[in-house]
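Please go over the structures that come below.
Two complexes come next, and they have one chain in common, chain A, joined by chain B in the first and chain C in the second.
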Partner chain A sequence: MPLTHAALSYEDHDAFLETAVPFLREGAERGDPVLAVTAGKTELLRRELAAYDGAITYVDSADFYLHPARIVARVLALAEREAATGGAVRLLGEQCWRERDPLETQEWQRVEALVNVVFAGTGAHILCAYDLGLPPDVLRAAALTHPQMAQGATRMPNPAYQDPRDYLSTTDGRPLDPAPADSALVPVHSPDLRDLRALVAVHARRHGLGGPLLHQLLVAVTEVATNALHHGTPPVTLRLWPEPDRLVCEVADEGDWSPPGPAETGNVPPRAHEIRLGLWAVRMLSGPVQVRTGPHGTRVRIHTPVPRAIAASPT
Partner chain B sequence: MQVCRPVRDLLPGDHAWFPFASEEEQGHVIGPWIEHGLEIRDKVIYITDAEPWELPGLYGRDLGFAVRQGLLSLIPLGEACLTQGMFDPQKYLATLNDEIAKAQEQEFRGIRLTAENSWIFDQPFGDSRVDFCEQRLDAAVAPSVSVTAICQTDVRRCGGGRFSLLDSHHEVRVLPNPDFDDPQLTITRTYQPLGLHLRGEIDVTRRLRFAEALGSLPPTTETVCLDLAEVTFVSLDAFGVITDFTRKRGPRCRVLLRHVDPAVRSIIDVVGLHRLPGIELGDG
Partner chain C sequence: MDATEHGTIGEFGAHGWSTVRPVGELRPGDHAWLASHHPEEKERVVGDFVFDGLNTAQRVVCLTDVEPHRLPGMYARHHIDVRPFTEADHLRVIPWRLACGRQGRADPEQLGRTLERELDRAFSERFRAARILADMTWAADVPGGVEFMLACDGAMERLIGPSTRAIALCQVDLRAVRSADALNALRNHHEVLVEVNPEYDDGVLRMTRTYAPHGLRLEGEIDGARHPVLTDALTTVSRPRAEVHLELGNLKFIDLGALKMLGAHAMELTRGNGLVLDNPTPDLEGVIRMVGFHLFPGITRGEGWRSM
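Let's turn to the complex of A and B:
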């Protein structure tokens, strides 16, 4: 069964309900797993869909959209399980765009494009709600990443829709902000990465990272540095610097890698038989991961969120 | 508290215990210990009915030359510790004392003493006789600057409280020598349960060694236990080595990870155990 992925653009609650309610109701009546993830509209929907209470799972956006790669993997696992038994996951999603910083916004917009690749063939029905009062760049990206527009029970082809590979290629082709001049720069010569891990750990601890979060960062940096050493072209370097609420680690080499599609840069969860987890696992273990490739080298920038409480406390 | 030590690291004064559950395991520890002792011209005293070519881990190796040179003494049980077919603790201790004294007279720098004691439990009053012997032996060996002793126990013949009885008499428990050992990673074969004990960091630089150690485990093994209690880092590549191993061994093969550090465990939790086919989490 094909995926349906539509944007629901609304001005007010009535317009939202006109499309959201029949979408959720249809799924509940079919007995499919139905998720309604909204920014504060749970009670509104519950009132309208009282007859289907128990058949619909309501979640607040802030509790659901915590991590791009992880939520994609979770929903995909559910969608594939349902598809295997003839069912179809139905998700009404609404991001909390106003609470996102530019990097997070870009990451979640990439997810919107990736949904068209990752969920293809699962038969999932995904309806993404966009308040027309959102910033224009958010609405523009929504128009580029949804193959259908929804109004009521009607689905119309979206003429602005862009092939997700093109969208990602454009997004991932944008130059990264330059690293700060005072960032730590370390050459990576040896495949023995123990010293590198020790250095990253020192910086990370200085910025409040420890325990499992630090370990996840070390595993992610090790994976990316190993890739650069094995497949890239020297010199390989590691840069580290702090940003508000984040620690950034960037591994660069001077190779000319040109990945053929989003799967190669870790955007698509590996199939069950695939042993190499690679950049997908790096994305799972980190915050936003930016990959830039081309004839002038490869850069993988790993952003690790530092929990606010820790970041705010004196070190 | 009991100290676990690879057999290569035993020191004079160690009265060590080696519980084993297979001839292979016994050979993996006792063979290298005897061999190394003979190499450095220690005196090796083994209470056994075995011939010089039948020793654990050295089967088929003719050690007659070592016997002739007086480096290796194989003392049959009847001569060493039996009286009318029964284990005689006094005779056993006297034999050991005599042999140690002779070796010291011959000015051996090191004296290695070993015997298997499991069979004694099958005899009347076996438990109390072993208890008595172990106490006396400990008193003789512990203060010594030349004698090292390994008491071997076949745990398949040692049930009930006997295991803890023997455990309590020895401050050192013997492990096999590591299959691989460098400042980053130590890999040691384990037999109970079957698998590997790992210490340090496992990443791509030790991929081959780790894969080799896994590959050297008996091909019929369905459950392989990896003790990760002393592992501080496991790269994604290392997890790949494990899943590759289970895939090659077939669908019945599983690798049980035991005593996983919480930070390492977090990697598995985030990536998802279902993405690591063949890997399971064990106790601890």
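Let's turn to the complex of A and C:
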């Protein structure tokens, strides 16, 4: 069964309900798993779909869209399980775009493009709600990443839709903000990365990052640095610097790598029984991960959110 | 690594307050205990114990009923013929009957006198150190055997404990001991529990064979610099259709590359139960769950997982 991935653009609640309600109702009537993830519209939907209470799982966006790679992996596992037994997952999704900073926005927009690659063949039905009052760049990205537009029960092809590989290569081709001049810079020579981990740990603790999050960062940095030593071209370097609420680690080498598709840069979860970790696992363990490749070298930038409660104060 | 200069402190309960040391790290005054689970374990511990003694010009006294040339591990592990050593009296193999027989009965006090004489003789012959191996397996299987072994241990402890030049190793084949209480009593008589020497130890990573369960204990840190030695150790420990346990309680760091190697290795073993991961640290368990490694084919969650 083919995937359907449509954008629902709405001006007001009535327009939202006109498309969302039949979508959810159809799934509930078929007995498929139905998820309604919205930015505060649970009660609104519940009232309309009272007859299907129990058949629809309602979740608030802020509780659902916590981590791009992890949520993709979780929904994909559910979709594949359903597909194997002849069913289809049905997801109404609405991001909390207004609460995202630019990097998070870009990450979640990449997810919209990736859905078309990752969920192809699962037969999932994914409907993404966009408030027409959102910033224009958010709406523009939505137009590029959804193959269909939804209105009521009707689905129309979206002429603005861009091949997800093109969308991702454009996004992942944008230059990164330069690292601050005073960032820590360390050469990486040996696959024995104990010293490097010790250094990352010192910086991380100084910026309020410890415990399991620090351990995950050390695993992620080790993986990326090992890859650079193994597949890249020297010199390999690690840079570290703090940003508000984040610690950034960037591994760079001077190799000329052109990954053939999004799977090679760790964007696609492994299928069941597939032994793959690598950059995909790095994305699972980290905050936003930016990969830049090309003739001028490879850079992998790992952003680790520092929990607000323990983030070092700016004083 | 948690293994200190003095060895790993065993948990109270299973081992009493005892210290676990590799056979190569035994020191004078140690009166150590091995209940071997597997003939190979016995070969490795006993073989290395006797070999190290001969190799450093110590007097080695073996209380055992096997012929000298059948001492565990000497030929199979170290490829040495013990005859020249017995002929030179460098190695003395004494049958139990001669060591502790008195008026047709086995007498622990007699054992004490024999060992005292042997040590005096060794030191008067200018050996700088001596080691005693006591294979007590025979006694485990006879009526009153456990009481006899406890009494022998008492005699040995009085002799070895204060010594600055002697080490003793008491060994029993676990299969011969029928009562768990007897085994605990014997073990609790010893402050030092001995185990095989590590397969690998460079101060960063230590890998030690385990026999109950069959597998490897990994301690320290693993990243790309130590992938080849990990592969070697995994290959050595693998047997067709047998599960391999990995004890991870003291593994501080393992990189994704090594996890991937474990996954590939487990696939090759899947006709058995593959790899069983025991006691991962909370950090490691978190990483494993997050990347879904516990769902890889051939990977089984063993002891000590916080959530299933």
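The rule is simple: the second predicted complex is superposed on the first by the 310 of 315 C-alpha atoms of A that agree within 3 Å, B and C clash if a C-alpha of one lies under 4 Å from a C-alpha of the other, contacts with A are read in each partner's own complex, and residues count from 1 in each chain.
Just so we're on the same page, a contact is a pair of C-beta atoms (placed from the backbone, for glycine too) under 8 Å apart; a residue touches a chain by one contact, two chains touch by 3 or more.
Predicted, not measured: the structure shown is a model, and the values here were computed from it.
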Since both structures carry chain A, what do chain B and chain C do when superposed there: clash or fit?
clash
Have a look at where A:T226 lands relative to chain B and chain C in the superposition and call it first, second, both or neither.
both
Regarding the shared-chain residue A:A83, is it in contact with chain B (first), chain C (second), both, or neither?
neither
Looking at the overlay, what does A:A55 touch: chain B (first), chain C (second), both, or neither?
neither
Report for A:A281: first if it touches chain B alone, second if chain C alone, otherwise both or neither.
both
One more residue to check, A:V117. First (chain B), second (chain C), both or neither?
neither
If you lay the two complexes on top of each other, which residues of chain A touch chain B in one and chain C in the other?
70, 73, 191-194, 197, 212, 215-216, 218-219, 222-223, 226, 230, 270, 272, 275, 277-278, 281, 284-285
Residue set of chain A touching chain C in the complex reads 70, 73, 190-194, 197, 212, 215-216, 218-219, 222-223, 226, 229-230, 270, 272-273, 275, 277-278, 280-282, 284-285
Residue ranges of chain B touching chain A (in the complex, touch as defined)
184, 201, 203-205, 233-237, 239-240, 243-244, 247, 262-267, 270-272, 274-275, 277
Residues on chain C engaged by chain A in the complex (per definition of touch)
204, 221, 223-226, 253, 255-257, 259-260, 263-264, 267, 282-283, 286-287, 290-293, 295-297
Quick one: which bits of chain A touch chain B in the complex? Just the residue numbers, please.
70, 73, 77, 191-194, 197, 211-212, 214-216, 218-219, 222-223, 226, 230, 270, 272, 275-278, 281, 284-285
